[in-house]
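The structure appears right after this line, and notes come after that.
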Amino acid sequence: MESVDWGFVLEQTLIQALGLNAAVYAIAAIGLNMHFGYAGLLNFGQAGFVAMGAYGMGIAVNQWGYPVWVAVLMGMLFSVGFAVLLGLPTLRLRADYLAIVTIAAAEIVRLVARSTALRDITRGAEGLNEFIGPFREFNPFNPSATYGIWFVQYRGNTFFAVVIGWTLAALFVLITYLLIRSPWGRVVKAIREDELAARALGKNAYRFKMQALIIGGVMGGFAGMVDAIGKATVQPDFFGAALTFFFWLVLILGGVGRVWAPIAGSILYWGLITFVQNTGRQLVDNGVIRTTIMDTNQIDQIRFWVVGGALALLMVYRPQGIFGSREEMALDAR
Amino acid sequence: MEMPGRPRTAMLFVAAILFFLLPTVAAFAQDSENVATRITVEDETGERVPVEGVAITVTDDQGNEVGAGATDAEGVFMLEVPEAGTYQLLLDDTTLPEGVSLTNSDRNPATVILREGQTGATIFALTSGDAVAAGGGVTLRQIAQLTVEGIKFGLFIAMAAIGLSLIFGTTGLVNFAHGELIGWGMLMAYFFNFYGLAGVFGWMASWPPPFGGGVNVIFAAVIAMVLGGALGWLLDAVIFSKLRARGVGLISQMVVTIGLSLILRYFFLFGFGGSPRFYQDYTAQSAIHIGIIDITPKDLVISGLSVLILIGVGLFLIMTRWGKAMRAVSDNRDLAESSGIDVQKVIRYVWVMGAGLAALGGVFDSLAETVRWDLGFRILLLVFAGVVLGGLGTAFGALVGSVIVGIGIQLSTVWLPTELKNVGALALLALVLIVRPQGLLGRRERVG
Amino acid sequence: MHADRSAVLAGVAAEPGVPKPDPILVADSLQRSFGGIRAVDVDHLEVQRGIITGLIGPNGAGKTTFFNLLTGFDQPDNGKKSFNGDSIDGKSPHALARQGMVRTFQLTKSLTKLSVIDNMKLGARHQSGESLWRSMLRPLWGSEEKAIEQRADELLVRFKLDHMREEYAGTLSGGQRKLLEMARALMSEPDLIMLDEPMAGVNPALTQSLLEHVKDLAGQGISVVFVEHDMDVVRDISDWVVVMAEGAVIAEGPHDSITANSDVIDAYLGTHHDAPLDVEVDLDWKEADG
């Protein structure tokens, strides 16, 4: 008896590594790279930005019946508003304060979104489920057909979101590249290195940090919008604190402060997680691992151990990520 | 702070880990059992008024529906189920009367663990949102009651906050794994309260407690505190002292604590499971009346104990040599080092003390509420709020800040829906950062 | 040797707070306390345009705190200050830098993970490519960037750093970093340059070259203020010396009048002349830097 169906595991791994989740994580991590990799901002609340994008867009269609383009604009506006709200009190303070406030703020967003108090707007714990129609009208792919290469196949509706996702990811990498090689990017990197020096040279550090926070946050918002379009739903509990930590791992895996690293990191991350999970499940299902030791639910929890362990170990032993070189990275700045 | 002997600590620690790898709940299935729920709502005077006609659906742990129905005129819904086990009760909140909502929507569905021959009961607490807002009927009694509850909660937060603040003060590290130190204490107390070491080593079953069976939760709390300190010692000895020695940056260390927090938290879920549970002792107490305040005896005792312990910690920091050294290192590390203080040793003790206190805070908080795997992480943000409010790096600031956060959270329920009470506390945190970023008792340290 | 510069102050009395013919920077009743200890309490001070002013004093005299107050890195509890005749009360450091007052730091702040040339380009003021919207379109700022780069290269040659152009600033020696920081400050074409202990931690071989550069600045019409705790360094280059002790200005005047001043001698002998850097100041900045 075959204990693991490797063909199936490989198929699943590739589908996930190139799929919707990977694209969404890549986009969010590109935003995080702008925050942490270039501007040195410790944003531990990227999930909040993602939620803002998803809810902004979802509410506009689901609750208020606005057209798609207004909805996307609203997703962006929500993210911008969140960035400004977070940045105002914290960007003049030491970096750790931003870390604490962002993680708290992201949690606030989730709690408020799922509260009954705002149920008329956010639909509480059930989330937004009736907004996908107008978006699907733009779908050029046949929903009942599958698309892809080789055995990496996606259904038409998913494929639509996957295409949007990777296109946006590529666009955001390009924008990051253009920004970072410009004088603006020079100032932002200088602030990351030493804020006082930048200020002594006449740079309004506060303004630049705010701009970087907004740009990365809007990218995060787009991650939420793509996710919502791909899954046809916005669920408040998707935006928990753990989501932010996954983005961090994606960023660190790829290499902090490298333009295209979030894409590589995301593909790697989803490939790895799917591989471990599917192999584990099969080992349990086929009786190689006895259920007294571990059941399939518990296999899914192992994912968090892998993420946590990888995060800690990479940070200590290979802070430049898998692909980075040690020289230009923001991490040992302190 | 007394250090437990080294070999013994190691043994206990290993034992504790083994516990998590074993299946923890056995099912006893014989006769039929009942799942029951009582649904009531509090009116303006605080009397519980039953709510009729609220739809409930019961599912077993496989997700299969076992039965459904609605509450009767007593606000009670009862269902007979075929076997012991874990059941989920889902309340359909659209069937609630106008203006009434669940006090804590996190607890819907509610989980009931049924033992053989028992009736499992749960209560869905409801809040009548309009009662307070419309009538303007915020009574002095309500305010007093909320304040007392706030102080109680604030004291628990403070136990954890002192450690977090001192670790930050002495090392500059923001420890995102502090919530897991809280959770660790709670779970250890639960473990010794329920099983004793025999939960891992069956052959110890005939030994006296805490080896061969559950001990009273008071002793379990002491054990948990010692084990909490041991975990703090371990984390610093094995991880953070090494990172400091390697010159790993503070931001990197902070990310390491995040990784650590994920591992520990999901390790707790792995071993403990996702359902909330209760300690064996003092679970169902009725409140006693003191003046205009209602408080259960256990809450009174643990609040009193918290006060005593916090005073003890305060005296320790002010009077003793090690306490003074901790504050000195926290205040100005370089100066402390040059005046001959062994900074690394002080940091180690801070970890032990901080983790021990956090563990005890976790036990107390879970005694007042329920034992749940992610309790530490739920509280962590409030601990941060308390610490930042009081001033990062100051022990006494953390104490004051935490109590204010506790009171603020409870009092905010006068104006905010209960499910949003933590939001108010976190918003307060942001406000403090704008107005007085160094916190109430902190030193000015911002630039421009 | 710089008689033409000090000549402007020939008729000015050598006493604290004396008015000058053409002050570029004026401080009036500036006070700053830390936890009840008064670090700075300067009654009145005017800094003359176009000359080199040395700000000296024993350790703990409050020089660096005063310096931070003037440059906007710290805000006074009381008092007024003006620059080029305009009030600069409450202005932030970057606003002051844009008005033409630029500073360096005692512990050099070369941006270690930027190349030397990027460090230099950063110094230039009013770059349109620093606007978020324009930055993505190179044609909008390309020619300006070219001009900045040319100016940067000229300065690098002057400061003998041109061979390090593409290196990370982190690879420079301590003395080279001081030079880079000074050159970078010049990129902003300042009216007034404030140097915080420019010679501290520099090996003696480089000291002379640094001093020459400072003199050069004044030669180009830039006003210079520098902080120094060692009186001997000051002698060579300052046209005017201001002495601080215990937070206050206790004497000012040409170098010779200062060395003869009994208050100054008392202030210096009354403290440990050889003690290392001033602890109070270091602690303040440690937190801010972290």
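Note that the chains are named A, B and C in the order they appear, and that numbering of residues resets to 1 at the start of each chain.
Keep this in mind: a residue touches a chain if its C-beta (ideal position, glycine included) is under 8 Å from a C-beta of that chain, and two chains touch if they have at least 3 such contacts.
No experiment lies behind these values; they were computed from the predicted model shown.
Centroid analysis (C-alpha atoms only) places C farthest from subunit A. Central chain by Cα centroid: A, whose mean Cα position is closest to the mean of all protein Cα atoms. The distance from the centre of subunit A to the centre of subunit C, each centre being the mean of the chain's C-alpha atoms, comes to 45 Å. The geometric centre of subunit B is 53 Å away from that of subunit C, both derived from CA atoms.
Look at where the CA atoms of subunit A average out and do the same for subunit B: the two points lie 29 Å apart. Under the contact definition stated at the top, the residues of subunit A that touch 2 or more other chains are 94, 196, 199, 333-334.
Shown for subunit C are the residues that touch two or more other chains, namely 73, 92-93, 287-288, 290.
Among all residues of subunit B, those that touch two or more other chains are 250, 445-448.
On the side of subunit B, the complex with subunit A involves touching residues 21, 23, 93, 101-102, 105, 174, 176, 243, 246, 248-256, 258-267, 269-270, 377, 381, 384-385, 388, 392, 416-417, 419-420, 422-423, 426-427, 429-431, 433-434, 437, 445-448.
Within the complex formed with subunit A, the residues of subunit C that make contact are 71, 73, 92-95, 97-98, 102-105, 109-114, 118, 121-123, 125, 127, 129-132, 135-136, 138, 141, 145, 168, 184-185, 188, 287-290.
Residues 94, 175, 178-179, 182-187, 189-190, 193-194, 196-205, 211, 215, 327-330, 333-334 of subunit A are the ones that touch subunit C when the two sit in their complex.
Looking at the complex, you find that subunit A touches subunit B at residues 42, 44, 88-90, 92-97, 99-101, 103-105, 107-108, 111-112, 114-117, 124-125, 195-196, 199, 241-242, 245, 248, 252, 292-293, 298, 301-302, 304-305, 307-313, 315-316, 319, 331-334.
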